[in-house]
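Pasting in a structure now, in structure tokens, and then I'll have a few things to ask.
Should a chain be cited, it is by its letter among A, B, C and D, assigned in written order, with residues numbered from 1 in that chain.
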Amino acid sequence: MTVNWPSQDDLLKWLKSDLNNWGRWGKDDQKGTLNHLSSEKTLQALSLVEEGVTVSCARPIEFAASVDVPKPPQHFMVTAGDRYRKGEGVDRQVAMDYFGLIFHGHTVTHIDSLAHFFWDGETYNGRSSSVVSVQDGATEFDVMAATGGIVTKGVLVDAPLLRGVDYIERGDGVGRADIEAAEREHGVKVEQGDVLLLRTGQLGRREVTGPVDVNVDGSSGPSPDILPLLHERGVAVMGSDTGNDVGPNPYERFSNPVHQVGIVGLGLWILDNAWLDDLAEACKQRGKWEFMISILPLKMPTVTGSPVNPMVIF
Amino acid sequence: MTVNWPSQDDLLKWLKSDLNNWGRWGKDDQKGTLNHLSSEKTLQALSLVEEGVTVSCARPIEFAASVDVPKPPQHFMVTAGDRYRKGEGVDRQVAMDYFGLIFHGHTVTHIDSLAHFFWDGETYNGRSSSVVSVQDGATEFDVMAATGGIVTKGVLVDAPLLRGVDYIERGDGVGRADIEAAEREHGVKVEQGDVLLLRTGQLGRREVTGPVDVNVDGSSGPSPDILPLLHERGVAVMGSDTGNDVGPNPYERFSNPVHQVGIVGLGLWILDNAWLDDLAEACKQRGKWEFMISILPLKMPTVTGSPVNPMVIF
Amino acid sequence: MTVNWPSQDDLLKWLKSDLNNWGRWGKDDQKGTLNHLSSEKTLQALSLVEEGVTVSCARPIEFAASVDVPKPPQHFMVTAGDRYRKGEGVDRQVAMDYFGLIFHGHTVTHIDSLAHFFWDGETYNGRSSSVVSVQDGATEFDVMAATGGIVTKGVLVDAPLLRGVDYIERGDGVGRADIEAAEREHGVKVEQGDVLLLRTGQLGRREVTGPVDVNVDGSSGPSPDILPLLHERGVAVMGSDTGNDVGPNPYERFSNPVHQVGIVGLGLWILDNAWLDDLAEACKQRGKWEFMISILPLKMPTVTGSPVNPMVIF
Amino acid sequence: MTVNWPSQDDLLKWLKSDLNNWGRWGKDDQKGTLNHLSSEKTLQALSLVEEGVTVSCARPIEFAASVDVPKPPQHFMVTAGDRYRKGEGVDRQVAMDYFGLIFHGHTVTHIDSLAHFFWDGETYNGRSSSVVSVQDGATEFDVMAATGGIVTKGVLVDAPLLRGVDYIERGDGVGRADIEAAEREHGVKVEQGDVLLLRTGQLGRREVTGPVDVNVDGSSGPSPDILPLLHERGVAVMGSDTGNDVGPNPYERFSNPVHQVGIVGLGLWILDNAWLDDLAEACKQRGKWEFMISILPLKMPTVTGSPVNPMVIF
């Protein structure tokens, strides 16, 4: 399968009119597609739980640099345990640490807030991009809008399983056809307020074959042809086991069409680098690709997203 | 009420024998009291949900220094939106940031892993404290043991409400008597696998009256006399809206008895600086102090805990 | 003495024409007033040395937060010595650390590069201020232009000594009259290529009376009326024991006139928060206020200055 | 030439007795070989200056990760210039940044303080290594002891030039024979209080052939057979364009013999990763391998060294 690229003009039209949600939830809205969440939706998600079994969709954070982690996370001990010895009798024995990271990129499981991308100097809902400033960070559209919790129904589209391959190649994408195949073959339905997870197998494969430079070797990810479906159905969060844009792409103006149309136009919350291999296995075992999922971003005012540990409950 | 301080000898006996869980779950156990969690427990928690309403128990992370935040969190933009202008036509417009923090302390909502405290050169389960080293971090007992997700029943003991006061004073603690009063008066039951939340009102009061130096002005928190109850009942996680030790305390050898006996002896997972005022209000409105709660620590190997956004669902 | 404030129109005229050095040393010049340095000047400075005695003009970097250090420097050990014991026989025993800091501000002795201030979207020499970007740092006018070394003659104007006071009050400045008094009374001469040091006593006083919020309590510093003298004489570097602008000031448009006219207009290199009390004592003892001085910024491409340890040799 | 490795027993004897300076300058001494500095020495150095020409011996700090920089320096803008446009009229236009780094390693030009290495739980001068703690840093033997300034005579031993090769191979070292050859052929004399610089050409070659993993590919550096000469002559600082230990080495107990005997036994100050190619060229042009040199470490209490920009003046 090759990506079914929409034309650049289509993308521009989607961004500016067809899929554009500016003003839909008020001129001061900060939540975008999280407005599709609801208590009813949360209750629906809970009703899917049968076993009480949890499956994490986060990849462990690595503190080492690599070709796709040029600025690695930091971890420093502020105090540690190897300074103590039994019998030496210092009573207050404690360990503390500092960690820090740039979570955006291609390896850390994280959610993007609506402050992550702009188009022509504007954010989602038509504010000036200057509301996200070098000095003060995201004075609007920070991750706080999601920190009331995303607890809803999740749907996994396991594209390699549906296509009968081991993984989706870099340069190929998971498109509308894959989602519709999942609906047809796995009996799921992408609905308003859902977290839609698209599996390519790419992140799992990275563990095996090693990191690559995405700018050189490209990436799998969601095809931009899914954007209208996301809008029609009212998807709350779209995620995958990639950085969520297929590379390279044919556009002159769009570097990251899913992020650019999705975040700026739809106000779409995107989950990058989710770890979906364990979830895929759990779904396959059960023959069940719908579930309750919780995504609980850290409460960080002015930050453009958050590392998360999305948790599915079967 | 004044704290009912156990004797130092009692604490030592609890730590070393009476409440000691070393070996209980195998000599290589890393989970401690999270072994009390179970699928049945998760299902029990879900059965408490009626409305689909979420309440966050996290305090927003502040990036400013203050008297109780001497080493403040960091937030730097790697790229930002105030560099763009409408009509200038740079198409890839993106914001990214770095954040870093020492989450232990008295202001950030976080969970302690079992690597956070030692006693006489030993960790929980009797390993040398040197497994938590300055160079490699927590090579055992890191937060990874909790990253499968804590999704279970929670119980709130709203001590000020029960006592008819606005808040528990610094220097005073929430003790066994408060928990038993909650069970008696609010119809709750602290059971195996629960997250037990003790509210003092202290963190909310900090918002109003400002930060203080805990080493000078003391702190409210759980009284160490609750430790046997935690053990008897099989509490999975104990948390409060404090740093979780009353200060000052009368002991010569124990600086933080709840942490020292709890973490090292019981293998207790502790939730520090939870934001419980919104939850207390929600419980009071509903006359219901038991609920489903999810705590989803970040997947950070070698780190001694994680900032979290604990989420209650009614 | 009160500050002899030039009019805002004068400042604007100085910035844009009278004292403006744009193009003076070529359109690609990155060095500004460091062009006044020369080998002859270095030899002149050496000829002042009689004793071989060094005096440091740096204040120790503090890693603690305070009212004028809201974002404190960081220091983490990567490995340390308290993990070892005599007789335990681990042979590779080493300590390493990480330090990091925002050096600009009011406490760290540092030199500003010409990338530190802009005026109306332009840098020194008339480039767009966008050459200093959030993503890439100072792609021009970084501190590299000074890393060939500033080894030249220094002159100390000890304003409190000249005025017979203990220190210059916050809100008051060291002006042209003080410099001329020093020339008259101390037999010095401010010449081309000099490092001109203006002492107020403010930083030393901070050690005694504690930090203040400069935005509230104001600051001493060089009066902007010295700018023409700096230009006439060809001063290479101007420094003081302050953040180098008197606060508050009467201007509508200039927040930091010395920095704004100095850096942007003259291409002036400014040394902030120099520790001048030891030097003042050494000068007074010798009755000699001219000396050799070395300022050796770290070689940090894209950085807007550098912490330094300026060294005087008598 | 192959390295003339002393026996391990010799190294131990040197460390503990023959070259041991413990107590030589008092039991509280923090300066070690910097005690060899003197005003006379500084004056001698100045007398070598003829031209007033400076040559920097620092390599630019790189903020990118590479195989020998696994934990790269950090650089973040706190505010930047690309947010401004001419004519928009925001008057306070400023750029500020944060930088941070682990300077120890194989790429950053830095000086080691005496807190950098230990032997059998002890520091130079026989203190417990625990004076350098994970929590408080170097409470003794920090870099402060050098911040009065190192301004003295320098001698360059240009080993490739003396041997008629382009560079010294990894695994080979610069030894006593090279130093004696320099004295014989270049007319220099290594004397008390000198900064002795040994050039291998390795750092310059790294610019051309790229970084390598020193633990795999080894390193050139000073041979440990120079340690007695350093002691006899009273060298104040020894540096080279390497990490200053030849690798691999044949010892069971010594991982870094020059650092271990040098720092712990002699109290030797070591300059790592100096950039010596420009200096070598300047020396060759002049037929002069002795000069004045200034090394001015940052005033950082509790830090185990400092990045520096060593400056030679001809």
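The criterion applied here is as follows: a contact is a pair of C-beta atoms (placed from the backbone, for glycine too) under 8 Å apart; a residue touches a chain by one contact, two chains touch by 3 or more.
Note that the structure is predicted; figures quoted are calculated from it, not measured.
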Interface residue identity across copies subunit C, subunit D - same or different by half: same
B-D or B-C - the one linked by more C-beta pairs in contact: B-C
Separation of mean Cα positions, subunit D and subunit C [Å, integer]: 27
Distance from subunit D to subunit B - Cα centre to Cα centre, in angstrom: 46
Overlap residues in subunit A, where contacts from two or more other chains coincide: 71, 74, 77-78, 80, 82-83, 85, 98, 130, 133-135
Complex contact set, residues of subunit B against subunit D: 74, 76-78, 80, 82-83, 85, 98, 134
Subunit B - residues contacting subunit C, complex: 64-65, 70-72, 74, 77-80, 83, 130, 133-135
In the complex, subunit B residues that touch subunit A: 38-43, 46, 49, 51-54, 56, 58-63, 71, 74-75, 77-78, 80-89, 91-102, 104, 109, 115-123, 128-135, 137-138, 144, 147-149, 151, 253-256, 294, 296-304, 307-311, 313
